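Common to both upcoming complexes is chain A, partnered first by chain B, then by chain C.
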Partner chain A sequence: MLAYQLRIAAASLRRTPVLSALLVAGIALGVAVATTFVTTFHVMASDPIPDKSRQLFYVQVDNWTPERPWDRDRPEEPPDQLSWRDSQNLLASALPTRQTASFKADLTVHPASRDERPFRALTRVTRPDFFEMFEVPFLYGGPWDEAAEADRAPVVVLDEETNRKLFGGEDSVGETVRIEDRPFTVVGVVAPWSPRPKFFDVTNGALEDPEALYVPLSLTPEMEIRTTGNTSNWKPWDGEEFADFLESESIWLQMWVELPTAEARQEYEDFLAAYVREQQAVGRLTRPVNNRLRDVREWMTVSEVVPPEAKTMLIIGLLFLLVCAINLVGILLGKFLGRAPEVGVRRALGASRGAVFAQHLVECEVVGLLGGAVGIVLSAVVLRVLNRLFSEDLELFALDLTMLGAGVALALVAGLVAGLYPAWRICRVAPATYLKQQ
Partner chain B sequence: MIRMERVSKVYRTEHVETHALSSFTVAVERGEFVAVMGPSGSGKTTFLNVAGLLDVFDGGSYRLDGEDVSRLSDRAMSRIRNEKLGFIFQSFNLIPDLDVFDNVDVPLRYRGLGGRERKSLIEEAIGTVGLSSRLRHRPAQLSGGQQQRVAVARAIVGRPRLILADEPTGNLDSAMATEILTLLEEINAAGTTVVMVTHDPELAARAPRQIHMLDGRLMDFSRDVPAPLFDPSRPRLDPVLSV
Partner chain C sequence: MELGPVFRAVMHQKGRFWLVALEVAITLAIVVNCVNLALDLKAKYSRPTGLAEEEILVVRIDPFAPEFSEEDYRDVVRERDLEALRALPGVRAATAIHQVPLSGGGSATGRRARGTEDEPSTTPYFVVSSGAIEALGVELVAGRDFTEAELAMDTEDFEGETTPAIVSRAHAEKVFGDPAPLGKVMESTTGESSEYVVGVVDRMPNSWPDNEENAEYAVLMSGRPGSARRAYYLVRAEPGAVEAVFPMLDEAVLGVEPGRIVEVETMVDVKRDTFSANHALVKILSAIIALLVFVTGLGVVGLTSFSVTQRRRQIGTRRALGATRGAILRYFLVENWLVIGLGLVLGVGLTYGLNYALAEAAAAPKLGWELLAGGAALLWAAGLAAALWPAVRATRVAPVVATRTV
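Up next is the complex of A and B:
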């Protein structure tokens, strides 16, 4: 029966091409706007690591000045990053299953070929646990091991694009690449990976791509790797050496721990509290104990990865679609009632009210799907423009399968909203009324 | 086949009440060919609409093919229309977008028959009305007589027990009208009950039984009218008015 109803719907739409185009355009416009806003919201609000987001915790310790809170608007909030000292002390704990502190840097890569110019590459300076904690996929090789981390070994993991640039995309594990002042051995190549949002470092841009290189955190003091991410201070540090900076209260590292159970979390919270009290005893961390362990979702919320404007735009987008759909109610009603004599004939020949209702709803959904298809294409164009506005290289907002599904669902809902009343009205038409008028 | 007892039907607007059927009582037996006559506004079409379950009535009782249809759901009435009744209208009422085959197919679609069975029934019905060579023609490509033959094919394709024809020859010339009536006679001869509303006395005269309506009431001039059909409380009608 559905095939038959689709045939009737197609014939009906062909009969009134201008009206049909108007209906499709109405839905298309609404779906385009709604899908665009839903997609941007989805990119910002989605759980980037759904199977582990409840086990990964972002660590916060309040090392700010006793004179004022870190955030005057949210005085209960501790600072959003850690100092080198605190991160190193906390990393000494054996409680977490895995843990890492990391930061963003900008290092110079010297290609082996003299014909190629050195280039700057964004680098994540981190620990080997980073890769398994955040489920980083590997194309070749894997992360460096704890021994390499402890030995401050010059090892590097490349992203796929950098590997293509340096080694033509071949398996480069074991190859050497010069970074800054020393040769690094490639131990792994990351497969294309771009979690949205970039949850492990929202402080430096939740919509940015992951870095191109990954090097051991333990190399930081020796190579004097400076962060290119956000750094906050509440007092100038003493001395001018890099080691002085590392000893300062400047905050610039993001720390994550993996705690698979509630007990493990509690244990780590106790450890954090004890650590702060210990530091207070030696004159540091003079503010009241205010530690936070937040899982990925909580941290995304607190960090306002999804800005309130995105939610507002999402609501506006959906309301716009609703208005488009409601505007089509009148057109569809007129179109359907104009076909009342045919409906009368069909009723006389055995079509029940339900069959007439379903037939007209199918027609509305065909309009919805056609409009949805056009709307999704329009939305893809708008998202491409948005991507250009954010960056030349990044493709932040893309219609993945989920969003395509959402677009289709929105189109179906719009078709339903637009068609429900007209279909109900036409199915209530008494069959005898129009049979003499044909 | 049809047994209506004191059926009433009133059309109401804000200011006017029109009694289309007033205590209307009639019986049509299985296999009969009945011509219904009467002046415009006498209630002929309302009678056909009520008989065909296209319109509800306000009072009285109605048994169709032995079944009380007074309080049926829409779905049940639709099923009866689809399986037991066939309709032929004055203005053919073919669906302009569909060709002959698909027009005749419409009632079978709502019966949910399979493709092969539908095709066989459709080809048989179209063959009966002599339009096998016009299967893929649209209504606009056919003459009025041919369109009405398609309507006849559509009415008989589901092998109904009762055909209700509302002035089926009203839009046709006399030759075409005779042709359609002959078709209806053949259908009736095959056992299907036919009730035909007509204004044409010559065509009506070919029906074995004629009933006349006036002001929503029945005047039956056939020789063997069942006694209970007449309401003795009603005044006699002037026969002139019934023509």
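Up next is the complex of A and C:
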């Protein structure tokens, strides 16, 4: 039956080629716009690490001044990052399966060749657990080990692009590269990897690419590595030295722990509370206990990773598709009613209302699908243009399988919505009127 | 006017006319809200900043030579850098600054007038060396520039004392309620840091020009900007000399001390980067508006064409009975006018509804009635234009059609 209906639909569409092209173009435009904005929204709102997002927790401790909350608009919220001191103390715990505190820095890399100028590279200063926790794929080698972390070993993991720049893309594990004032040994090269949003550090640009280098967190004090990310503090620190800064209440690190079970989570929560009380006993953390342990999705929501513009464009994109669908209704209605005499004959020859209705609905869905296919191609083009508009060298938005599915679904729904009324009208044609005329 | 018959004909065909009215209504809602958003975004980046944006070049320095960890060494290099930069042909002024205005990243602290218990105001600040006023191109409207003595002082000399500051007028009014608070002192809540105002500039942007609320709060503090890791110079070229000056800057600086990475950017590019998302959105919104008006126009063409085709016999009959071509044209235009008008009336409610929804979901700006009126006028005109071609075709129906099928 469906094959028969499809054949008739194709014949009907071929009979009026200009009108059919117009129908398909109209729906294609709607699907293109809607898919584009559904995709941009999806990129920003999606779960960046679906199989682990419920086991990874962002740690927050309130070290702000008793005089005022960290965020006056949301006074119940603790600060969004941790101080060096708190992160170091918390990392001493053996409870989490894996854990890391990390921050973003800007380090100078000196290429081996004399002709090339040194360059600045964004660096993630972190612990070895980082890589396995966040499922970072490796091209060569792997993370440094706990011993290297403990020994403050000068080891580095490069991203693929930096490895290409420095070593022509060869397996560079074991090679040496000078970073800042000392030689570093390459232990691994990360394969192209860019989770969206960049969930492990949303405080400093949720849509940015991951850093180019990774070095041990334990090198921070002796190399005096300063963060290039946000630093907030509520009082100036005493002293001028870097060590004084590390001792201060300035917050600039992001800390994550991996807790696979609800019990582990509870245990860690108790540990956090106990830690804060212990610090309160020695005169620190003077605000009421206000810790947070949020999983990836909760943390993305709280830190408002999805910009309001993305929501606006999503709403506007869907309304745009609605306008296209309404437009389609008008044209289809005209087309179908123009065919009323023919339908009258079919009805008189015994076609049921249901059959006529289904026949016309199938025709609408064919238009919807054709429009959807063209629309998705259009959308892929538009997304490339958008990437260019937002940033020169960032592959921010791309269609994935989910989005292809969404595009097809949107097209089908649009075809259905647009077809219902015209198909209903045409199936209620009274055969007698038209038979009389002929 | 034959409003009565037209209206009855519309009611007879109501399904399709309602559809077009609904389409027009939603189109109005989207178009007006998009224009509203686009204008709001545009206002943010076209607002005058007070800087000589077109003439400023930003020099970013990343030292890697170990000597830069010595503060004295940095002081010497900074002075020699500025000297070298100012000596270049086409350079009007140069200053060292610890953060770049309009760049999207900077420092801010909180200040209130001394002796008050006010909530401290957001105070974005820039530590600058000599020549800042001229290099920035800001206009000093009260007081004076920093003196040589003030600029030469080490910040540590000020320990516990009050340091000089030049404030933007907006900030002066916010903190002191006084557009020229010369000699008055502002301080942090703890009182540990404080500044006395020596001058007021008319307008000076901070690093976050997209922040509506406090984009014009800025304070210049005298000092010795630049750390062991990062320093910035702002170089102001003579009008029209930016391109000529641009390629000379990194060599001038590296000639003084090669142990650094130097990058030069125009202030125009810095600002464009900060607003890149805004620019992109304005383009997207404009494209959507154009496409939508086009699609709705097509809908109107389709409706009127269909209406004409269906009524060929009726038109022929009217023509045969003496109706002029003008009367036929008028008939279809009036019909169209009615349907679009209905759509626009519906659209007013929808537009405000959408504006409310967007404001709730995404903090969209409030909508003025002028925009709505403008949008309605635009759609009305577009609708009439779209109906014109099919309506003209209707006038070409020959009276003889009336006789053919009878």
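Just so we're on the same page, the second predicted complex is superposed on the first by the 394 of 438 C-alpha atoms of A that agree within 3 Å, B and C clash if a C-alpha of one lies under 4 Å from a C-alpha of the other, contacts with A are read in each partner's own complex, and residues count from 1 in each chain.
Just so we're on the same page, a residue touches a chain if its C-beta (ideal position, glycine included) is under 8 Å from a C-beta of that chain, and two chains touch if they have at least 3 such contacts.
Only a predicted model underlies this, so the values are computations on that prediction, with no experimental measurement involved.
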Touch test for A:74: chain B only (first), chain C only (second), both, or neither? neither
Check the residue A:182 against both partner chains and state whether it touches chain B (first), chain C (second), both, or neither. neither
Go through the superposed model and pick first if A:319 touches only chain B, second if only chain C, both, or neither. second
Max touched-residue count on chain A (chain B vs chain C) belongs to chain C
Going by the contact rule set out at the top, does A:345 touch chain B (first), chain C (second), both, or neither? first
State whether A:277 touches chain B only (first), chain C only (second), both chains, or neither. neither
For A:432 in the superposed arrangement: first (chain B), second (chain C), both or neither? first
Show which residues of chain A both chain B and chain C reach, each in its own complex. none
Residue ranges of chain A touching chain C (in the complex, touch as defined): 22, 26, 29-30, 33, 67, 106, 108, 110, 117-120, 180-181, 226, 235-236, 307-309, 311-313, 315-316, 319-320, 322-324, 326-327, 329-331, 333-334, 338, 386, 389-391, 421, 425
Touching residues on chain A, where the partner in the complex is chain B: 1, 4, 11-12, 15, 341-342, 344-355, 430-432, 435-436, 438
Taking the touch rule as given, give the residues of chain B at its contact with chain A in the complex, in rising order. 45, 49, 52, 54-55, 74-75, 78-79, 81-83, 87, 89-93, 95, 97-98, 106-107, 109-112, 154, 158, 166
Quick check on the complex: what are the chain C residues that touch chain A? 15-16, 19-20, 22-23, 26-27, 29-30, 33-34, 37, 62, 64, 66, 189-190, 192-193, 229-230, 261, 276-277, 279-281, 283-284, 288, 291-292, 295-296, 298-299, 302-303, 305-306, 309, 354, 357-358, 361-364
